[in-house]
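Listed after this line are the structures, all set down as structure tokens.
You will see chain A twice below: alongside chain B first, and alongside chain C after that.
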Partner chain A sequence: MLDNPQNVLVRVDGLKMHFPIYAGILRRQVGTVKAVDGLTFEIFDGETLGLVGESGCGKSTAGRAILRLYDPTEGKLEIEGRDISTIKGDALRNLRPKMQMIFQDPQACLNPRMTVGSIIAEPLDEHQAMSKEERQARVLELMDQVGLNRDFAGRYPHEFSGGQRQRIGIARALALNPKFIVCDEPIAALDVSIQAQVVNLLEDLQERLGLTYLFISHDLSMVRHLATRVAVMYLGRIVELAPREALYDRPKHPYTEALLSAVPNPDPETEADRKRIILQGDVPSPANPPKGCNFCTRCPKVMDICRTETPAFRHYGNGHHAACHLLEGA
Partner chain B sequence: MPDGARGRSEPILEVNDLKTIFRTRDGEVHAVNDVSFAVKPGELLGVVGESGSGKSVTMMSLMGLLPMPPAEIVKGEIRYDGRDVRAMSPAELRDLRGGDVGFVFQDPMTSLNPVFTVGYQIVEPLRVHLGLSKKAARVRAAELLALVGIPDATARLRDYPHQFSGGMRQRVMIAIALACDPKVLIADEPTTALDVTIQAQIIELVKDLREKLGMAIIWITHDLGVVAGIADRVMVMYGGQIVEHGPVRELFARPQHPYTRALLETVPRVDGTRDARLRSIEGQPPNLAAHPASCPFAARCGHVMDRCLRENPARRDVGAGHDVACFWDPATGGLRDAG
Partner chain C sequence: MTEGALPAGQPVTGIVEAQSRSLWGDVWVQFRGHKGAMVGCFIFFAIVFLVLFGPMIHTVDPTYLDYRAKNSGWSLTHPLGTDNYGRDIFAQVLQGGRTSLAVGITAMLLALIVGTIVGVFAGFFRWLDGPLMRLTDLFLALPLLPLLLVVVMLFRDTLRAAFGPETGIFILIVGVIGVTSWMQTARIVRGDVLALKEREFVLAARSIGTPSRRIITRHILPNILSPIMVSATLGIANAIITESAVSFLGLGFPPDFPTWGRLVSDNQNFIGLNPQWAIIPAVAISLTVLSVNFIGDGLRDALDPRIRGR
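Now for the complex of A and B:
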């Protein structure tokens, strides 16, 4: 699928997204939630970068910050070589058509009082001067593209099933011919048999329209199916980033190993005596992350150095990046 | 029934031809249609199905947890330890629930009461069902929290639900369900709201507890991977019916129903081969507005035949404790012999 793998579409450099905590009657700032704490990666033109992690690891915040739905605390964001980390107002608005988002909950992200046709047409009204006829033609074209029946343009979201609602969300994201789409858990709310339909649609659209995806998900098996490269996040940082095969066959970071071993496989023969790495405890709070490596409180291979020094995110060849003290000596 | 034939011990819970409907303004919804199954002591039965397949409604019907109306159990027999559950008085039913039958629900935040301490909520069933004194119940509650792997159990009895993480809350729910030494534990998607690493912890915990306490468990899930790892037998539900049922290895090795087969093919895996394209099941789950006169899966089935549209197939035995409700025979690719 990659025509030119070196063509960088999105560049993220040291991205931090911190949220202040206010407390007391004077609403003074008493702390900071470090939701995203220093991300550095690139997304190549035409690829699907999978971003996986458990809830609360900051993957959705990262996706939203990259689209500039937040103002990043620190760091640089580039899309097609243009720095977008601090632009505001009209300059940012003019960029919006290029980068779009598909949300997790198709029930919550569609206005229940608008018809499907007007939901899909809304971005066209906002960003393009189209005649009524042109607009209607484009809406129907988009509905065809995502496999929705044209006759249903006048219906309301509640008349559709979850999978169809997700298609409406996809059609809306496609309306302005974006290059880059952040998919934030687009299949998490869907039934297994419907998930495959939506994933196949996303793949078809990517091939046809040359889209680039940042696919945020907690479903490691689906990301393995969809992504060309995968980044694993833990507590606001990327612990490992590698091409798909390398990450799933030869994970370097202990967290990735544990995560992969925790996914149940639909096969009773191998499942019964599979050795699982069971992580102890819970993810620490991002308002109070541990000193040193973020994973040091749960890591089965923890060393003394992990509790004092933050491991650097390094390149270990063949596009395989990781941040772990275990790898430093090797 | 196919279940009765296997094994020596008597089932602890037995359900025959259960049918539950909801009466709504838009007409009847046939949520559970002629469902029959049995669970023996110490056994783990996995129930697999999508949303709307009737798996939760079936389990809630069993213990009278559905609001009636709109729900109504139209027919069927429910036996717990030989006793007729449908004939029980509300007081007897209340004794059964939380006493001999424990429940764990999907979302631990909404099923725990936020204004009472966790200790209070574990002590309550102990005092009501077992008649323990306040002090004895408190001691037992701490034991239970320790049993489900919550550190510093005695101190944490004083904490409120919001002071626990998601995985810890689910452990508290399990502790409450286990409070009165249930003979049957019904777990409705207990790990669905949890992260995979926490899910792995809970699964290990339940496996462990089952060995220690020897209760029967009914585990409802939509995740075939979870079922493969823990269940002895699996029941696949679709459109309010049981479409396939069998021992876990047998069912995964030789799935008979086109729905089960498609489900197994459509799920990607983290190891093994990776398909270039996912096999999808086209179409939507059925509308349960009418009692199906045809196979509920017929509209989405790749092997649909004339007979499937005229008649709803009954479950029939295919050997090794495995049964399926389908006219299609995967061995011949044609009509299954009328048995």
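Now for the complex of A and C:
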């Protein structure tokens, strides 16, 4: 797919999202949590970019910052060539229909006091002047699209199962015909049997509506199934970004290797030989990241330079990007 | 998965679209099922009905001093007897109910509106949180009775001159009670708003591009209805009792102007001789407060879709 260059839909350049920490009687700022610390990547039109990493590495924050649900501390965000990193108010509001989000917890992301019909109609109310009948028709059409029974429009979210609730969330995200959807761990809160249904639905919709996904997950096998390219995050930075096959077959970064070694293999024979790389210690606090490479405290192949200098995020051919001193010498 | 999850893209056929239920229809059905609320409703409307239309049937002037019939017991002309000045107790209770209910409901509404606005703004807008909550603390720290004294002394005559003696005092009392009792509501509402605005459905509304004012009206307010209902029902009781305290101190309505609170406090001196003089208006206050509480309870349940239908 990299042979034919594609249109860039979303461009993220040096995105930083820092949250201040206040303490003491005077509530002075004593530090910052560097949740996202310099992300640079592009998302092509029609692709699915998987974003993986362990809990607390800044995946969700990155997704929300890209949608401008937060005001980024630094960096540039572009969607369809338009800089959205600093726009505010109505200009931002008018761009909302282009980019939508599917949330992790299908229970929490639906207002318990609104009916399914009015939840799905909310984006239509906000952005499109429609008559009551047109709106109703569109809501029912959306419910068909995500495989919800039309009869359920008058019901409340608590009457549904997790998978159905997630479908409601997906229908709401689709209401305005977005181009770009951030899926923030949309399957993490679901049963395994239902995960497959929701993932298939997402694939189906992508095919029919030409959607572009940023798929945030910590489920490596699911990302392998769904994504065209995969970015691996560690402590607020992307350590490796590569097309799916390249990343899963030939990981370049030691952290990616360790992550992939933790994925169980369904074949018992190969599973028996699987060598796990077990990382020692905990993830450092994003309020106080180590000097040099963020991964230097746990890296099995750590060198002296890693503790002093931050490795640059470089391109190593065939769309394979990584940030590691090991690769720079080679 | 359960029914209703069908392969994407296939229109669901063969199912007749159910008649969409109206929200208020559902609320009414649930409310009717709440026995306490229905009894409360019945009692409350009976009291309101009696108080509104009673004086038209029982046409004795509540302030008329019938010396020859003073301290009389139950009779046809005075169904609940007369007090030590010969005033008809029943007429006084009816007339007093008008004032007490009007003061209670209006002051409660005022306190509720002020409290909810302050609470929502403080909870939702971070930069307003500090100033508004310090203002709330300030009001909570004010000594209530001295404040009432000062306010009444300052404004009684102006308001009387502007609106007439009774309306003027009514506005003064309602204003004073409302302005000094919104703080609890504001604090409770702020706490709930703080918790709610971090919920994902508010974030989802933001990602849709819903402006803050509609996030408040569509997502925040409906979800803080329960605490508001509770403070409303408590607020009525509180206002009726505060009014009686103020009148008791001689700062409220004039002495010959009956209210439930005043009847209780005036007649408590005779509790050994004629207990019914104080007990009847006291029972009226309790019944009102209790029935309003039950109505509030039923409304809260009926407005919550998670409880509705059980």
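Some points to look at:
The criterion applied here is as follows: the second predicted complex is superposed on the first by the 321 of 330 C-alpha atoms of A that agree within 3 Å, B and C clash if a C-alpha of one lies under 4 Å from a C-alpha of the other, contacts with A are read in each partner's own complex, and residues count from 1 in each chain.
Here is the rule we go by: a residue touches a chain if its C-beta (ideal position, glycine included) is under 8 Å from a C-beta of that chain, and two chains touch if they have at least 3 such contacts.
Values in this document were obtained by computation on a predicted structure and should not be read as measured data.
For chain A, the partner touching the most residues, choosing from chain B and chain C, is C. Of the two partner chains placed around the shared chain by superposition, neither chain B nor chain C is touched by A:Lys275. Residue contacts after overlaying the shared chain place A:Val146 against chain C, while chain B stays out of touching range. Once the two complexes are laid over each other on the shared chain, residue contacts for A:Arg167 go to chain C alone; chain B is not touched. Of the two partner chains, chain B is the only one touched by A:Tyr248; chain C is not. Once the two complexes are overlaid on the shared chain, A:Lys132 sits clear of chain B and of chain C alike.
Contacts of A:Pro266 after superposition: chain B is touched, whereas chain C is not reached. Once chain A of one complex is fitted onto chain A of the other, the partner contacts of A:Arg113 are limited to chain C, with no touch recorded for chain B. When the shared chain is aligned, chain C comes close enough to touch A:Gln100, but chain B does not.
Applying the stated contact rule after C-alpha superposition, one finds that A:Gln197 touches each of chain B and chain C. In the superposition on chain A, the residues of chain A touched by chain B in one structure and by chain C in the other are 161, 163, 193-194, 197, 200.
On chain A, the positions that touch chain C within their shared complex are 64, 67, 69, 92-94, 96-97, 100-101, 103-105, 108-115, 117, 122-123, 126-127, 144-154, 156, 158, 160-161, 163-164, 167, 169, 172, 176, 193-194, 197, 200-201, 204-205, 208. Partner chain A is touched in their complex by these residues of chain C: 1-12, 15, 17-18, 20-21, 23, 199-201, 203-211, 214, 218-219, 222-223, 303-306. Those residues of chain A whose C-beta lies close enough to touch chain B in the complex are 54-55, 161, 163, 191-197, 199-200, 203, 218, 220-222, 224-225, 248, 258-269, 271-272, 274, 276, 278-279, 282-283. Taken in their complex, chain B has these residues touching chain A: 50-51, 165-168, 195-201, 203-204, 222-229, 231, 248-249, 252-253, 262-264, 266-271, 274-275, 277-282, 284-285.
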